[in-house]
Amino acid sequence: METLRQRWQRIIFGTDTPAGQLFDVILIIAILGSVVAVMLDSVSSLRSAYGATFYVLEWFFTLLFTLEYMVRLWVSERPLRYARSFFGIVDLLSIIPTYLSLFIPGSNYLLTIRALRVLRVFRVMKLAKFMGEANQLGIALIRTRRKIAIFMFSVFVVIIIFGSLMYVVEGPHNGFTSIPRSIYWAIVTITTVGYGDISPQTPFGQLIASMAMITGYAIIAVPTGIVTAEISAARVSMRYERECPGCHRHNHDPDARFCLQCGTELPKLSLKGED
Amino acid sequence: METLRQRWQRIIFGTDTPAGQLFDVILIIAILGSVVAVMLDSVSSLRSAYGATFYVLEWFFTLLFTLEYMVRLWVSERPLRYARSFFGIVDLLSIIPTYLSLFIPGSNYLLTIRALRVLRVFRVMKLAKFMGEANQLGIALIRTRRKIAIFMFSVFVVIIIFGSLMYVVEGPHNGFTSIPRSIYWAIVTITTVGYGDISPQTPFGQLIASMAMITGYAIIAVPTGIVTAEISAARVSMRYERECPGCHRHNHDPDARFCLQCGTELPKLSLKGED
Amino acid sequence: METLRQRWQRIIFGTDTPAGQLFDVILIIAILGSVVAVMLDSVSSLRSAYGATFYVLEWFFTLLFTLEYMVRLWVSERPLRYARSFFGIVDLLSIIPTYLSLFIPGSNYLLTIRALRVLRVFRVMKLAKFMGEANQLGIALIRTRRKIAIFMFSVFVVIIIFGSLMYVVEGPHNGFTSIPRSIYWAIVTITTVGYGDISPQTPFGQLIASMAMITGYAIIAVPTGIVTAEISAARVSMRYERECPGCHRHNHDPDARFCLQCGTELPKLSLKGED
Amino acid sequence: METLRQRWQRIIFGTDTPAGQLFDVILIIAILGSVVAVMLDSVSSLRSAYGATFYVLEWFFTLLFTLEYMVRLWVSERPLRYARSFFGIVDLLSIIPTYLSLFIPGSNYLLTIRALRVLRVFRVMKLAKFMGEANQLGIALIRTRRKIAIFMFSVFVVIIIFGSLMYVVEGPHNGFTSIPRSIYWAIVTITTVGYGDISPQTPFGQLIASMAMITGYAIIAVPTGIVTAEISAARVSMRYERECPGCHRHNHDPDARFCLQCGTELPKLSLKGED
C-alpha cells in the first residue's frame, strides 16, 4: 500500500504519470498567473481600479506556493539537498517577498522572480529531443566558462581604463562627474548599448570614445568565437557519447530513439543536475 | 486540347514556360509598385498633392490582386491547401486592408504586408544555385528551432527579472513607471538597442543596468554559436545528400550540375515546402 | 633599350623594383596627405585660419592625381580595362570633385573618396602572407554572396512590415510621421543602433518595438553563421589548392614558402582580380 | 647559502613556493585596493568627506609600488628586458601619475591604469587548465592579426567615406559641423552604439544613415567569422601539439595531466611571452 507521502512524491516528482503531469501543468499556470498579477499590479491605473483583487491574488498564490514548498521538503528523500538546489532556492525566494512586504513596502514587486520557476517547463517537456538539445547547450556553455572568465576579466580592465581616461579628458562639466559614472559610460559604450545620456563633448573625448566603440565592436567576436567552437565540438561529442546497448555502436543523434545499426532501443538521455 | 483552367494553371504555377515567367515578372513589378504607392501615400506632403492618384492606384492594385487570388483558388488542384499555405495567407492579407479601410480608416497602410509577396521572387529565380543556398539556410535554421527556443525562453526570464529589479530600485520618478515599462527598458538594454528614452539615474540602478548590458553583450554569442554550428553542419550534409543517379557517388556541391566522377547530369534540387 | 613608356610602366605597375616601390610609398603618402587636408578644411576654425593653404593643397593634389591618372592610361596595355576596373573608377572619382566644385560649391568635400585609393597599400605589402589572408577572406565573402543576398532581402521585407505597423500603431503624433520615416526607425532599431530620435510612446507601440528589437538581436546570428562557415571552409580549401610543383603534394599553409614534403619552392599566391 | 637577491627573486618571480604565492596574493589585494581608492576619490561627495585619507592612501600605494618596481629591477637577471616588457611598462605607468600630479593636477586619476597590473592574477592561478585556455585564446587571436588588420583598415575607409558623405548631405546645421565630427558620427553608427547626440534630420541623410547602419550590422559577421574559425582551429592544433614523452602519442586535451594511452605524466603547458 502506498503511503500519503509516497503518493505526493509521485505527484510532485513524477513526470510520467497522469497525476504528475497534471500537477506540473497546474503549477506552471499558477506561476504564470502570479507573475502577470504582480506585473499588472505595478501599473498605477490598474492598481487604483483593481488593487484589492491583486492583493488577494498575491496572498493566495504566496500561501499556495508556501504550502507547495513545505510539501516538497516533506516528501523529498533528502530535504536539505532540495533546499540548497537551484530550484529549491528559487522556490524559497518566490514566497519571501510577500512576507517581507509586510515590513518593507514595495518588496513584493520582486515576486517576479517567480518567473524563474517557469524554467521547470523543460521538465514537463521531458522529451528526448529537448533534453538532448538542452544538454548540448549546457555542455558547451560549461566548457567555455574558463575562457569566458579570462575574456570578461580582460574586458573589465579595459572598461576601467577607458572610464578613467574619459573622466580625466572630459571632466565633470560634460556629465563624467566621477570615475564610477565614467565606468558606467564605458560599459554603455563598449557593449554598444549607447543610451546617449552621457556622451563626450570635446574632440579629444570623442576620439577616445571612438576607440572604445571600435574596441567593443571588435571584441564581441571573441566570446562568440569561443561559444561557437564549443557548440560545434559539443555536437560531435554528444553524438559520439551515445552508445547502443546492443551492438555498442557509438555516434547516434541526440533525438534518435533506436540504434541505426541493430535497431535496439537506445537509453534515454538524462539531464544532468538537480531536479 | 488544353482547357482554360489548365492554361492558367500553366501560367500561374509554371516557371519554365515563357508565359509563366512573364506572369511572375509582371506580378513582382505590380507588388513593388503597390508597396511604393502605399509608402508614398503616407507622406503628408505627397498625399495632399497626389491623394486622388494614390487612391485610384490602391483600388486598382487591390482589385487586380483580388482577381489573381480568385484565379489561383480556381486553378489550384487543392484550393484549401493553397488557401492555408504561407503564400495563400499572405495573398489574402494583401487585399483585405483596402476593404477594411472602408470601415476602419488608416488600416490601408497595412497593405505594405504585400512586401511579403515579393518573396516569390526566389521562385522566379528557380536556379539550382539559389535553391541550394536557400535550402541549406532553411535546413540549418529549422534544425536550430529547439535550441533557439530554449535560449529565447531563458532570455525572457532574465528580462522579466531585470525589469522588475529596476522598477523596485529606480522607481516611478525616473521613468520606470511600471513593471511592463521596465521590461520594455530591459529589452531595449539587453538587445543593445539603447534608445535612451528611459535610463537609470541612481548609482545602484546604473550598476544593475551595467549588469544587464554585459549580460546582453555576452549572450548574443549563444544564438550565433547555435546557428553557425548548424550552418557548418548543413553545408556538409547538403553535399553528402546529393547522389549521382549514374555511379551513386555522393558529396556534390549544391551548385554542381554534373557528377564529378562519371559526368551524368545530377537531378535538380527541389525546394521543399508549399508553392 | 627601354622606352619612356616601358620605364613608367615598370615604375607604376612594378612592385619588385626599387623605383616601383618608391612610387607606391610616395603615392600612399600623397593620398593620406590629401585626405587629411580635405578633412581639416571642413573644420570652420581651421578653414578661416588656413583656408588659402588648403585651397592650394587641394588643387596641387588634384593636378598631381590627374597627371598620374593620365600616365596610367597611357602606359596601360589595355587602357579601357584599367579605366573600368575598381581602382580605375576610384582614381577618376578622386579627381572629379575638385573640378565639380568650380560649379557646385561643397562637392570638393567628396574628395575623401580618395581614402579608397589607400587600399592600394595591400599591393605595396605584396607579401605572400598578406596575399594569402586577403585571398582567403575574399574567397569566403564572394562565396557567401547568394546566401547573404537571400538574408538581406528577407530582412528588408521584415523592416518594411515593422515600419508600416508602427506607423499605423503610433501615428504621426509620436514622430512616426510617414511610412518611409517609420522604416528609418525600423532600420535604426533592428540593426540595434537605437539613436532614440524616434521612439515608441504607446504601450502597444513599445510591444511591437520590443518584438522588432528581439528580431534584430536574434537574426544577426544568421549572417555571422554564414560568413563563419565559409571562412572555416576557405581555410581548408586554400590549404588544399596549393600544390607543390615538385611532388604534387597538396595541403600547404597560405604562408608556406617551401613544400613541406620535398622542399621545392612553392609558387607565390596571386591575388585574383584587376590591378 | 641563498643571497638576499636570490631570496627576493624567489619571492617575486616564484609561484610554487608559499612565500611567492603569498607575495602574489598581497600584491593583487594592494592593486585592487589602490584602484578602488582612486575611483572613490573621484566621487566629489566622498572626496570632501575623506579627501585626506585618499591622499595618504594614494601616496602609500605609490611608494609601495615604487619600492616593488625597484626591487624587481634589482633582482631581475636582465633588468632592461623586464623594463621593456608589457608588465614592466605597466608597472612603471602605475606609479608615474602620482608624481606627475604634483605638477599637473588631475593626472593622478590615471592611476587606474593599475588595473592592468591585476592581469597578473592569471600568473597566480598558474594551473594547467587556465594556462591551456589562455594559450588557446592567445594563439587564435595572434593568428588572426593580419586578417583583422585588413578588415579594420577597410572599415576605416568605409567610415571616412560615410562621414564625408553625411557632412555634404546634412551640413553643419544638423550637427554635422565638420568632417572629423561626421566621422565620429559614422563610428557611433557603424559600431551600432548609436548615442543619438548627432542624428540625420533630412530624408536623404536618413537614407545614407540607414545604409551605414546596415553595413555596420552586416560586417560584424566578418571579424566574428575570422576569430571563430581560428579558435576552432586552435582547439584542434592545441590538442595535436601536446605530445606524451612516454609513447609520443599526440592529441591530448589542454587540461589533461596524464597521457591517455600510457599514463605518463604530461609536461605542463607553459605560457609563451614575458613575465
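Lettered A, B, C and D in written order, each chain numbered from 1.
Just so we're on the same page, contacts are C-beta pairs under 8 Å (C-beta built on N, C-alpha and C of every residue); 3 or more make two chains touch, one makes a residue touch a chain.
What you see is a predicted model; the values in this text were computed from it and never measured.
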Contact-graph separation of subunit B and subunit D, given in steps at minimum: 1
Chains in simultaneous contact with subunit A and subunit B: C, D
Most widely separated chain from subunit C, with each centre as the mean of CA atoms: A
Equivalent interface positions on subunit B and subunit C, same or different at half: different
Centroid spacing, where centroids are CA-atom means, of subunit A and subunit C in whole angstrom: 41
Whole-Å gap separating subunit C and subunit D, where each centre is the average of the chain's CA atoms: 29
Where subunit B touches two or more other chains at once, by residue number: 180, 192-196, 216, 220, 224, 226, 228, 232
Subunit C residues within the subunit D interface of the complex: 35, 38-40, 42-44, 106-107, 109-113, 115-116, 118-119, 121-122, 129-130, 133-134, 136-137, 140-141, 148, 152, 180-181, 184, 187-188, 190-197, 216, 220, 223-224, 226-228, 230-232, 235
Residue ranges of subunit B touching subunit A (in the complex, touch as defined): 146-147, 150-151, 153-154, 156-157, 160-161, 163-165, 167-168, 172, 177-180, 183, 189, 192-196, 199, 203, 206-207, 209-210, 213-214, 216-218, 220-222, 224-226, 228-229, 232-233
Residues on subunit D engaged by subunit B in the complex (per definition of touch): 192-196, 224, 228
